[in-house]
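Please read through the structure below; I'll follow up with questions.
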Amino acid sequence: MKKILALLLAMAMIFSLAACSGSNEPAQSGGDDQPSGEPHYKDTIIIAMADEFTTIDPTATTAETNQIVQDLVIDLLTDTNLNTITNEGELVDHWEMVAPDDWIFYLKPGINFHDGTVLDVDDVEFSLMVRGPEKSTAANYVAKIKEFIKIDDLTFECKLVAGDVDFNYTFAANALSIQSKEAFESMPEEEAVKIGTGPFMFEEFVPGDYVSLVRFENCTSAPVPNTRRLVFKMIPEASARMIALENGEVDVIMSPAATDYSRLSDSDEFQLLTTTGRGQHFIAFNLQNANSIVSDPKFRLAVAKAIDKDEMVLAAWDGYAQVSTSIQCRDVEFYADIEGIPYDPEGAKALFEELGVVGSTIKLVTSDADHRVKMAENFQAQMAKYGVKIDVEYMQQSALIELLTSDGPTSGVELSIVSWTPGKNADYMYRNPIHSQGGRNYAHLQDPEIDALIDEAAGEVDRTRRAELYKELQEKLTCEIINWVPIAQATLTMGAAKGVEGILLHPALVHSFKGVQKLED
Amino acid sequence: MEENTNRISLDEYKKYKKRSLAADVWHNYKKSPSAMVGLILIVIIIVLAIAAQLIYDYEVDIVQQDLSQRFIAPNTEHLFGTDQYGRDVLTRVLYGAKYSLAVGIVSVAISCAIGATLGLIAGYYGGVIENVIMRFCDIFMGIPSVLLGIAIMSAFGQSLIVLMLAVGLVYMSAFARTARSAVLPVRDQEYIEAAKVAGVSDLKIIFSHVLPNSLSPIIVQVTMGVANGILTASFLSFLGLGVPVPAPEWGAMLSSGRQYIRDYSYLTNFPGLAIMITVLAFNLMGDGLRDALDPKLKQ
Amino acid sequence: MSQTENTKDLVLDLKNLQVRFETEDGICYAVNGLDLEIERGKALGLVGETGAGKTTTALSLLRLVPDPPGVVECEKMVINGHDMLNISIKELEKIRGKDISMIFQDPMTALNPVFTVGDQIAESIMLHEDVSMADAQRKAIDMLELVGIPGERAGEYPHEFSGGMKQRVVIAIALACHPQLLIADEPTTALDVTIQAQVLDLMRNLRQQYQTSLIMITHDLGIVAEVCDDVAVMYGGNIVEQGTLEDVFNHTMHPYTEGLFNSLPNINDRKAKLTPIRGLMLDPMDMPPGCPFAPRCPYYDEKCDLPQEKKYVTETHAIRCCAYERPGFHIERKER
Amino acid sequence: MYRYVLKRILMMIPVLLAVSFVVYFLMDLAPGDIISSMAPQDATEAEIEMMREELGLNGTLMERYFRYMKGLIKGDLGMSLSLKRPVAECFFQRFPATLKLAFASIIVTLLISIPLGIAAATHHRSVLDGVSMVTALLGVSMPAFWLGLLLILALSLKLKLLPSGGSGGIQYIILPALTLGAGNAGHMTRITRSSMLDVIRQDYLRTARAKGVSEKQVIRKHALKNALIPIINVFGTTFGNSLGGAVAIETVFAWPGVGRLTVSAINNRDMTLATGCIIMFTIFMNITMLLVDIAYAYADPRIKAQYSN
């Protein structure tokens, strides 16, 4: 029996040792081909991600973590310039709006794909018109195109189903990445999706562990990077990412814990990169049930006055968020800096008493995401001071969306804590979550006047007039209708070793690592 | 010759006279110091849990926050310090005792009620019934308990009741198995046979003859089950699937303190310690009961 | 026994053996100052009721009394020339199984369930004889056949044997290395009568073959009469009467021995009532200072409460009983 | 013996079918489906319906389950809804990590518990016994996730000796294996001790000693082989627990194993992945149990005889 035991132990030992040593740690192997004399850059940069990377196929998911990696490998026709936060051409050199429903795009010449072929309109047509309609993530966008006309190898025209003055933004959707037609014809789909025009090529993916990319030496869509290899390592725990950075195991960490911000910014070895996120976090009122107290504008005003947003920011984001005064997000085009409804505990108290809601219970739903739980917990605590009891139900994110989009007047939901991350253009800010036809109208606002304003603003070609319309929308919604109480836009952060440069933070989390590099001495 | 038997004194006779089962168990139980420590700990925890209910007002002491008082390290005013919302950790740990106790005890009551009944029936009737019941239990045994718990919590949503049910269902099969194997040796005893011949109904036989004679392992399983139930429930809460916040369930406290562990490790240590002591107390009591119920097994 | 003991060829020489068990509930005095001598080739019957300390005495000879709680004290313990009190564990292990071995009471539990019987016998041989594994196995098969079990069953496990067969295996293990002193602890109690006779026969033959001395522990006086040369009667952790078979059976002196014989059923008078020894078995936790049998003794007087000396009545016959100091004392053994 | 093994394997089939149904049903009951979280914020009804069909989520529960079962019977676990790859592929990509962790933790468990349990039993009621039993009880009572956090705090955050999470070289497995192994060791030590104590009192050890077997050999050969029988049984459940318990450890240490995969699949409402993973877990648990029962037979001839009948 001793033998059995010894054998068992030995087997287990060998197995785990072999398995351990055999596991592919993203190697920092040397291959430095930088000639001496010129600036010497770190060969491999390792980035610790919080969420799991799952696929390189841009049409498969819309998860930001995937998009970050996909963005390095596969390019889009237009994309957000992260320095100016405006929509610019990426593979497209420039475009012309012949009419709101007729657009002509001119591709950049000589763009190389990883497989050696050169980008032309056929690749675009294949990606948009052949692959696009099959993919649920892309179909909605390409459905806008009534007719795709190839003018020459580098020029194409899109005739639209309906006029859209912001059509260029459409091509910034990640699902509309441009891929090589030749690659799809010559290799299996799972290989072909890895072929793009980006500055990095797909190297290896170990699920749950890491994904690695190598420099595309013949890159013409962007400058050839100074970093030879990028490794995205998945470390879900924030404290673990921080340790990894401190121990020099990684060079960059995404979303460090708020408690580590000062450790990063005050250190000589590290830096804290920040930007204000575009996501608007807000408390929405369910306006469907006329009998509910939340249907009373006075109550909504009282809640808006009652919330100490600064305290909530401290509770939910440890202070790292920008308090919102308007329903519209700051960096979205045509933002007007309105005052909104300031914190007024006395006014709120008086209103609550007048309404006779002290001692009553209001039902709130939200998801189990960390900051939402914290917001809800703090909201509950703040309202408890006014004597208003908040009964919170936490649910999984998709369950929440399902409930909020399909709930009838009888669901009992009165409040919800949700967020909205508008992309691209100002219309996006209002179309879905506020327009009565919008798919994510969580407050179930049915206001013809607002609908008319949204429609008018979207079709307005004159930018000054458009700005006025959006300001009117902001003031009406924030101060009069109060379908939401906007709380804050969270600060997005990244930690990096000193000397790491070229990272561009994206307000909607699709950060760019195209230029990431670290000078070494 | 006959008078010789009178040499046994009345006192001696009393000594040998059979005590009631409970008294007998208690007599054996109190001999073990560790078992007594367990019992005393449980009593203290229950008393504290009840006291916390009486002293603290949920809406004020648990729900309300004071962000100006956040992250105060343990001191004389806040013995366990304050958390990220400026709430007193000691208050929360004390108030939270009721969740762990409730989940542990109720979930075991559920799993015992269902599991032991199934086990008794399976063991008593045997044959096809036994096979069907035990295969049914195999289904639940085969799924890793934590995963089953997570699946149930996801299906029915977060709440104390669901948590109790989830933990109860997870451990149901274990009870069924214990009860069944406890019944097997009793089933073939002659007094059961005799009762059957006498026309006593099956139900009566099970409850008045089979159950009392196979009670010991079930009682031990109950105590150990409470310990396991508390651990499982706290893990589910740790994953964010337990009692929703701001209820100060210990596992949930550990989970929310986790991101601050580097600078404020007391946020995780106090709830962790609370879980461990409670589980330890039930384990000690379980050990003690096992030894007391079956002196043969005493080690 | 005579005073010229030094000239005798003693296999066992034991003086003043005391064994007590120190438990939580108190100290249990199991053996209290026991002396025992056995000549080479002789068989001694150790008789007494359950709890008299017979098995404990046997175990202390092998130094196998569990410690704790057992505490063994002894003036002299020489087995086959080895001073058992002053030897290393290593030497002790060489003596066990070789010079002295024991047949245990319950064959059902005495065999290790996870080894084949052949291995269990061979192990003993391997330990004490300089032989190869194969040779040991062969010898083990021989031993099995010697005790009447077909050799091919050596590869089977204990659970495949019946009780009587197991007892034979236990005997085979005990005899595997031809010990000089064999202790048989109630070797036949677990067996039915026909098997009993076979086993006793077997032991007698083996003993003659190997000149083995024997301590036969039993409460069955019939077995003693059949197998033994000498008899020692134990009560309350000590020998109360000791002598040859003739001495003890036909010239019984101690009141306890008398009680033992009186409680046997009388074949000649089936209508006669059985006469049990009155009172209860002694509580070894609460040992009286004097004669341990005093509380149950029909001839009790105050002197019995004093410590009892061992007295030789004849050269071979010794008792511990002060009643014979009373003038004209004699016991009333029933005639059969 | 072979017939017994065959019978056991056949008996797994209905259990697996039932498990698949229970899990599939539970997952369906869970509010929210993956479409809502996968679809872009501005997705239209038609788009969502398209996604639903793309993922095979259209139809009633029974229709979907029947479709799923048709694949399952052929050994096809379907495609993961969120990862867009075959479930089997997702599972087996992650499974080695979990197995690695389970084995490493078992080494820790055995190295701690067997010697400690034997020492405690052979020195019954000594200080050593007391200390090891208290330690074991603490191990049993300590939530693994807290122990993991404490180890991270001490060895990783404060002393910076070991990485606090992730996977890679051997240094990454130490903390998770220690955490998982230590918890199991508490249980195993208690079992080893009580099983040894049980055996130590057996008459056959006295027989062995009377033969002249040395004390060391009595414990190592005669006692341990008997004590091993219940230990093997617990070893099996412990190994099974290591597979399942890996969920807690993988979460705390960000270990890229199947436990975490399953939890995230459940959270993401990835029905096929969750069901597939749990089915695979169940298969491996059952196989472990079967292996244990076979090992059992080799340790105890009495059980082997039973199986043959």
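First chain written, first letter: the chains are A, B, C and D, and each begins at residue 1.
As a working rule, a residue touches a chain if its C-beta (ideal position, glycine included) is under 8 Å from a C-beta of that chain, and two chains touch if they have at least 3 such contacts.
In this text the structure is predicted, and so the values were computed from the model without any measurement.
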**OP:** From chain A, count the fewest steps through touching chains until chain C is reached.
**Re:** 2
Subject >> Selected interface, A-B versus B-D, where C-beta contact pairs are more numerous >> reply: B-D
**OP:** Please report how many Å separate the Cα centroid of chain B from that of chain D, as a whole number.
**Re:** 23
**OP:** Express in whole angstrom the distance between the two chain centres, defined as the mean CA positions of chain A and chain B.
**Re:** 46
**OP:** Could you grab the centroid distance between chain A and chain D? Build each centroid from C-alpha atoms only and quote it in angstrom.
**Re:** 37
Subject >> Averaged-CA centre spacing for the pair chain D and chain C, given as whole angstrom >> reply: 54
Original post:
Using the touch rule from the top of the page, what residues of chain D touch 2 or more other chains?
Top reply: 30-31, 152, 157, 225, 267, 269, 299
Original post:
Which chain A residues reach two or more other chains?
Top reply: 239, 395-396
**OP:** Scan chain C for residues touching two or more other chains and write them down.
**Re:** none
Original post:
Quick one: in the complex, what on chain B touches chain A?
Top reply: 59-60, 63-65, 67, 70, 84-85, 154, 157-158, 240, 244-246, 258-263
Original post:
Can you list the chain A residues touching chain D in their complex?
Top reply: 1-2, 4-5, 8-9, 12-13, 15-17, 19-21, 23, 25-26, 52, 54-55, 57, 60-62, 136-137, 139-140, 206-209, 233-237, 239-240, 243-244, 246-247, 249, 395-403, 405, 420-421, 428, 431-432, 439-440
Original post:
In their shared complex, at which residues does chain D touch chain A?
Top reply: 30-45, 47-48, 50-51, 54, 82-85, 90, 93-94, 96-97, 99-100, 103-104, 106-107, 110-111, 114, 152, 156-157, 160, 163-170, 172-173, 177, 220-221, 224-225, 228, 252-254, 256-257, 260-261, 264, 267-269, 295, 298-299
Subject >> Interface residues, chain D side, partner chain C - complex >> reply: 125, 202-215, 222, 225-226, 229, 299-302, 305
Original post:
Which of the residues in chain B end up touching chain D in this complex?
Top reply: 135-136, 138-139, 142-147, 150-152, 154-157, 227, 231, 234-235, 238-239, 251, 254, 258, 261-262, 265, 268-269, 272, 275-277, 279-280, 283-284, 287, 299
